[in-house]
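Below are two complexes that have chain A in common, paired first with chain B and then with chain C.
And then the complex of A and B:
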């Protein structure tokens, strides 16, 4: 009797306060994508356009937490994903968006929406549909428990592939041989 | 007969007065460090050289070697301690490698790679530390200061200028410039001073040459800090 076919792992991805650079780098695994789709299927992800995350084996988070919606999405991911991964510098330590952390939030908003050259009668947007910004940008491990971290801005395609193949095969992911970079 | 101690089971010869770290480096062994420099008295602030000697945790840079000691350094326990220390250094300042000119040449970053630090784990302080771009040739970005005092020592003991000092205690500790205005431009600091060329991280940066060597081709981009430092101490 032949063994039952292995169930595909369900993977969700999202970008919070990120630039989608890590998702682009994910696509940089190039032809390995063909191997990957034999092993996984996507749940919520910019690649599927599914809006709500369902029960998943692996959740991959790009970007830090800069507003109330980020917190909500991150908690939804934690609730639904058995294994949650911080992908890239912003998810790991706040990254570029966290460079505003030493400035008062109101000053940032005024600078952008009121005092920027070329803006007349500018107002800080206050539509109730807009998520409220947090006073500081936070890395995701300061909000929920994170199982694995993959730093880099962005992590290289080979680093992401090594990490995912380790994880899918049941090994502890390990970035060796120059794959670990923070820049 | 020369005296010796055991470092991770390997015999290391030493002379009276030598520290564990000095003797180890001379004998071709690597014990990591950030604040230690062979030309200066030990400072013992970064604690990266932590080893277990005779059952106690000590700084290898500041502890004289003793005959017959068994010293544990490159072990999962000691390297775990080092990773924890690195994580604390990272959250204490603003260390954003992607936007740092020193990335690839930075010893703090290289040690992060060496000890496979994947996350800074703790809650980030995000301190407010304005930069000083007043000097024509050198930029000071205090965000990355780890308080190793190498610039303080170099400026005072070698350059004879005493341009830098640490002030404040605990969480308020920070690097200051010895001028009434507090600005580097108002000192006699020069880019050829030893103090301008000794920072292990990205605080003291030479203007107009930040990316002369591209990212990816820098000191620790393709070689470990362990291999680089061993080569340095053998030459």
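And then the complex of A and C:
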């Protein structure tokens, strides 16, 4: 193994149009977390509750891009992270949220906010606080440049651990055998 | 034998009651499932397309799963499982047709007929769309109307055609000059100069005996003219020595490589040489059955080819004990393709010949060991087979005397694009590109695409290179682009072609060609970024190394060559030196803005990240 970097690498993570399943899988590396915190420190992440991402070595994105806010966050990550990783099926391909892509957005919103049983005088929310949804859910590489893709729904803990240790040690991450899967 | 109805007969009658029934078609093909493709082609003549109940009936009659029939019907471009117009107009869409303005003519025809490209008119009269290269690059822009080829299209002709269609005039009553296809032979050498009475080459080969004849072939060093350049005698000897009786000779007349049309000319005017070559192969190999696999685009040649076969049978050059040689029994039947480029690959061709989807097989075993229906099979190109007549007449050594050390004999080139005299040129191997360009009257030549879409793109500094297997190998296509052409457009046209023709069997090719097309379109649409060039490189490598067959591995060739030799044509299309989305982000919010009646700053996205900061 190549020598560990002299300083701890700074890592940011976020979930866009995802289910946090990939983050949960990240936590599944279990006791490796102790080894990991010797090598890295977290910047913006659900684990730290830091709200703004600062300059980082590695950014990890779960989920696809479904609304304007996702675009802003993703761009901020790209600006700040030397290496940006698409983690999991939704980030790589759009995943489950992209199942709405074959329906017009208007149909989806009306179905949910106006025509759902039990809703009276429902309206599509239009508060400027809320990010507007895009017409289609996009995989993140269609919006910014992505350096690595780690597929799986979710990628397993061991796959994430192998991927990160490769990356931290300076090896081009390469998943083989059972670690590489798309479901 | 029942008369095979030609498409024009049906159109001329525009029948309300079909002239043939499905039972007739099934009967004609002896309910043989290996003839499924031929059955579907003929069955389509009944209604112009293949309605679902017909597919069900065919499956039941052949005792094969319905899914297999549907799978075959869905595979071939010229089989329609949805209604098409009674006049089916297909514009050839090779780059050479595009350079001659086919898009404008297609639009003009659609406007005159009040239809949208790709859709059937409401009265079911006509549909107009594009198809891959129809092999009329020397006399384009070209189209197929119900399978019959029309070249030299221009606005006057398009006006007339629109009128003829509106009047529902039967194709047989259209002006005959529309359908006259020229050979355009511009330079003749050994083969095209040959004036051989039918049977002369066979007589010579039979006189030498099977062994003697194969020895002549070995001495000739004749190599396959389909592009791969495999030694013909080695192929024949392998098939001959392969275990198994009932060996098969297949002539690959699925000339689908964009820009190639020399096989069309050979089949049109030298069919006797081609069939004689098949018999010569049969004599060497000991085969009794032969197939000419004719691409669907050349279907209009079939009646005259059948006539040549009939006269050869009459002359004792096909049938039993050919030319009195005991045990030399051989006959040839013609199988039609139906618009699938991949069937030019020999194992895909064999699958198609067996009535299946044209999916390439895994090799080995090679066709010479296990080919058509598992029998030892020789698959040779049209030109290769015609050339064997020369070997038989003049002897192997005389044949090997022309050409270069590793490339014996002559080569037919199909020349098209920016030159004064497009057409067929026969040269001894070793001819430099510059000499060819001079002969065909090309000036200000920027690039030449040799070998078709899957071949090589040569820039002007390479014009001293030579046509030969050891330098620039080619199946015969030679497309010329002068200084006014944009080589990015050329490469993009070829990428579209491969994406359309990918058989879909292996993921690297099915997905890779689609992704490559996406990147080329992204650049063409003004969303290009430097990062795309990196991704294109990566895709090129993936296609080349991971594809199942030659289609996928050749698909990136036009991009690899033009990226290397005409890189500025790509770079001038870049709007970002880093990354650029392929779509307009702000426009992607438009629907949501409308639904919420919002127009505040938060309801918009800047297309470029920098503008946001």
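Note that the second predicted complex is superposed on the first by the 178 of 183 C-alpha atoms of A that agree within 3 Å, B and C clash if a C-alpha of one lies under 4 Å from a C-alpha of the other, contacts with A are read in each partner's own complex, and residues count from 1 in each chain.
One rule holds for everything that comes next: contacts are C-beta pairs under 8 Å (C-beta built on N, C-alpha and C of every residue); 3 or more make two chains touch, one makes a residue touch a chain.
Just so it is clear, the structure is predicted and the values come from calculations on it, not from any experiment.
Student: Determine, for the superposed arrangement built on chain A, whether chain B and chain C clash or fit.
Tutor: Taken together on chain A, chain C would clash with chain B, as the superposition shows.
Student: Scan A:136 for contacts with chain B and chain C and give back first, second, both or neither.
Tutor: Both partners, chain B and chain C.
Student: Looking at the overlay, what does A:89 touch: chain B (first), chain C (second), both, or neither?
Tutor: After superposing on A, A:89 lies in contact with chain B but is clear of chain C.
Student: Pick one for A:71: touches chain B only (first), chain C only (second), both, or neither.
Tutor: Touch partner of A:71: chain C, not chain B.
Student: One more residue to check, A:178. First (chain B), second (chain C), both or neither?
Tutor: first
Student: Have a look at where A:145 lands relative to chain B and chain C in the superposition and call it first, second, both or neither.
Tutor: In the superposed model, A:145 contacts chain C only, not chain B.
Student: Determine, under the contact definition given at the top, whether A:109 touches first (chain B), second (chain C), both, or neither.
Tutor: second
Student: Scan A:125 for contacts with chain B and chain C and give back first, second, both or neither.
Tutor: After superposition on chain A, A:125 lies in contact with chain C alone.
Student: Find the residues of chain A that appear in the contact set with chain B and again in the contact set with chain C.
Tutor: 136, 142
Student: Which stretch or stretches of chain B touch chain A in the complex?
Tutor: Going by the criterion above, the answer is residues 90, 94-100, 103-104, 109, 112-113, 116, 118-121, 123-124, 126-129, 215, 221-222.
Student: Any idea which chain A residues touch chain C in the complex?
Tutor: Residues of chain A touching chain C: 68, 71-72, 75, 78-79, 104-106, 109, 124-126, 128, 131-136, 142-145.
Student: Could you list, by residue number, the parts of chain C that touch chain A in their complex?
Tutor: 531, 578-579, 581-583, 585, 588-593, 595-598, 600, 602-603, 605, 609, 612-613
Student: Which stretch or stretches of chain A touch chain B in the complex?
Tutor: 86, 89, 92-96, 98-99, 101-102, 136, 138-139, 141-142, 146, 148-151, 153, 174-175, 178, 180-183
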